[in-house]
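In what comes next, chain A is part of two complexes: it sits with chain B in the first one and with chain C in the second one.
Right after this comes the complex of A and B.
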């Protein structure tokens, strides 16, 4: 059992999301950084899609009311378990009564807590993700609050070979971002595939998409990020019909300032789409705090698939290493 | 590409990638029931293909999502291009739901603006809006009554250039050639949301569109029809 002692609003339980319910207008949802969640589960020997807690606002404090193995992945917070500092991307065992404290990240934006066995909340439409807009799934369909008590499911008991637990290379270090010409130090780079209305933007705007920096504004959250930069213009202003969209789609409203729709995005929208960030780079966006600067790099389907395989290889390595670092007990 | 009342109308169907794990088919021609019936049919057909994990009809379009580990996006795009011209139309037997609407007033505060845009009275807008039967063409932005087709083209109203905040819950709104019916307000959820649509009325007794205590949880399906009844028009 885990008791939440302190949390700001908007921290939720999420898994890899709901797939197969778009006929009801229900989009995928789920975590903003899929790689961090899957890494946390890999470190514990869980199925890769077990739900975890997504912390995007801090400080957070919680207490383990019984002994349990857990992992912290994603953003690099100043994390302390019973006063001892925990490195990022670390799995260890909490004793009954231990408190875990997380402060605002020094690097990244969202931290993930996973537990051995996974959290014990019912699946709703095939997922344990909190659907914030319609208040279902996750922990009672809402964000976490102080006083909430979360249970974990039974699993095959194991111990870590090293009592301190073990770590792993953070995704940001293990998987290098794509290269981009003339980008500045500290700028994030994500790859994108041109979308249906790409050709309807004027040439200058198409060049600006790939060739200029984009600032992540304060109007950015799990639903999407509002960017600011050189306004993007279409050759002709035409009304769009409402159509289904996916996380990662870069829409351009009449202001010319793009929006990237993300995990909690509506399942449909009506703005023209200039491109779509590839699945394999969405996790990088999840770790960008407002104020960051990002660049888009043109990407082919082949490159997108290669990027996915790189992420799969990273997770496979984590699973293998984590397997060496623990053994099952009767 | 030509312009029909300022809406993009394609001469030929277009298939494009929507990122690395989805393909979007935009059908040719204007919004039409016969075309949309073909989209519903295509949606059901491709759901069965290997690697396809979900489909979602839009207004005159279909998004098909794959698991990129098992699906082949290029092959799927080719398949959609080939299959689309052969998909027949055919009517689903949709149910009819009647919903009472108070046009204008609180929650319908954009009615005067819409009336001014069309150079008519708020009462004229209400009458034009409530005259036809609307068909649920596509799922909406989240659970609810989806995107409706059937609005009188004389009410064509371009979306706002800058979104405004409008209350959620039973709102009747229009944008472009489309009209929406909002599901009832859910206690504890956001009270308002940004929108580029115009709120022209509210439906005080709108039924719940999605209820987990029911099986199936959805009250309406694609192809069902909605008729709006003018309860009254408020200044």
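Right after this comes the complex of A and C.
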């Protein structure tokens, strides 16, 4: 049992999201940083898609009311278990009564707490993700509040080979970001492929997409990020009907300032699409706080698939090696 | 049949448990690991009783988490040793002050490589 002692609003339980319900107007949802959630589950030997708590606002404090193994991945917070500093991307065992405190991240934006066995909440439409707008899924269909008590499901009990637990190389260190020739220090780089209406933008705008920096504005959240930069214009204006959209799509509303649709993206939208951030780089966006600067790099489908395989290899190796560092106990 | 990372975990496990020789047979492949003579799995202690040397307990790449002068409690994680993406902890067995860092960031260390000196409070 875990008791939430302190949390700002907007921290929710999320898994890898709901797949297959977009035709009913229900988007995918799920975590903003899939790699962090899956790395936490790999360290604990859970199924890769077990739900975790996504913390995007801090400080957070919680108490473990019974002994339990947990992992903390994602953003690098100053995290302390019973007063002791925990390294980033770390799994260990809490004793009954231990408090875990997380302060605002030094690096990244969202931290994930996973527990051995996963959280004991019902699946709704095949997922434990919280759908906040429609109030279902996750923990009672809402964001976490102080006083909430979360239980874990039963699992094969284990001990860590090292009593202090073990950790993972953070995804940002294990999987190098794409580079663009002229990016400045501190700029994040994500890969994108051109989308259906790409050719309808004028040449200057197409060049600006790849060649200029984009600022993540404060109007950015789990639904999407609003960017600011050089306005993008189309050569001819066309009326468009609403059509299906996916997380990662870069839309351009009449203002010319692009929007990237993310985890809580609506299932359909009508703005023209200039590009799509590849699935394998979406987790990097999830760790970008407002105020960050972003660059897009052109990417082929082959490169996008190679990037996916690289992430899969990181998780598979982590899972296998972590398995050698846990012993099952009867 | 084993990656280098897996092999190093096996070797670390053998050393920790005092296993001198291990043979693993799988399909047609046989791997035989024999402990080198003269490797002693105990932590060297410096002559001054008030300082203690912490050594690596695993083979891999060192990541330092603390700087000289850090006040440590018994059980605090002061570094980690990585085999591939997995990081295993280096823990201070005593409370005290970190007075010397003997290992370097990203150094490849082995079981027994001295890493830190800690002075008792």
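Simple rule for what comes next: the second predicted complex is superposed on the first by the 330 of 330 C-alpha atoms of A that agree within 3 Å, B and C clash if a C-alpha of one lies under 4 Å from a C-alpha of the other, contacts with A are read in each partner's own complex, and residues count from 1 in each chain.
Everything that follows uses one rule, which is that a residue touches a chain if its C-beta (ideal position, glycine included) is under 8 Å from a C-beta of that chain, and two chains touch if they have at least 3 such contacts.
All of these numbers come straight from a predicted model, not from anything done at the bench.
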Combined model on chain A where chain B meets chain C, clash or fit: fit
Partner chain in contact with A:317 - chain B first, chain C second, else both or neither: second
Contacts of A:280 with chain B and chain C, given as first, second, both or neither: first
Contacts of A:306 with chain B and chain C, given as first, second, both or neither: neither
Partner chain(s) touched by A:249 [first = chain B, second = chain C, both, neither]: first
First (chain B), second (chain C), both or neither touched by A:136: first
If touched residues of chain A are counted for chain B and for chain C, the larger one: B
Touching partner for A:86 - first (chain B), second (chain C), both, neither: second
Which of chain B and chain C A:236 touches, first, second, both or neither: first
Minimum C-alpha spacing, chains overlaid - chain B and chain C, in Å: 22
Contact residues of chain A, present in both the chain B and the chain C interface: none
Contact set on chain C toward chain A in their complex: 3, 5-6, 9, 13, 57, 65, 73, 75-77, 80, 82-89, 91
In the complex with chain B, residue positions of chain A that touch it: 19-27, 124, 133-136, 142, 193-196, 236-246, 248-249, 253-255, 266-270, 273, 276-280, 299, 301, 304-305, 308
Contacting residues of chain B [partner chain A, same complex]: 3, 6-8, 14, 16-22, 24, 26, 31, 53-63, 65, 68-69, 73-74, 138-144, 146-147, 158-159, 161-163, 175-178, 186, 188-190, 196, 210, 212, 217-218, 222
Interface residues, chain A side, partner chain C - complex: 84-87, 89-90, 161-169, 174, 314, 317-318, 320-322, 324-325
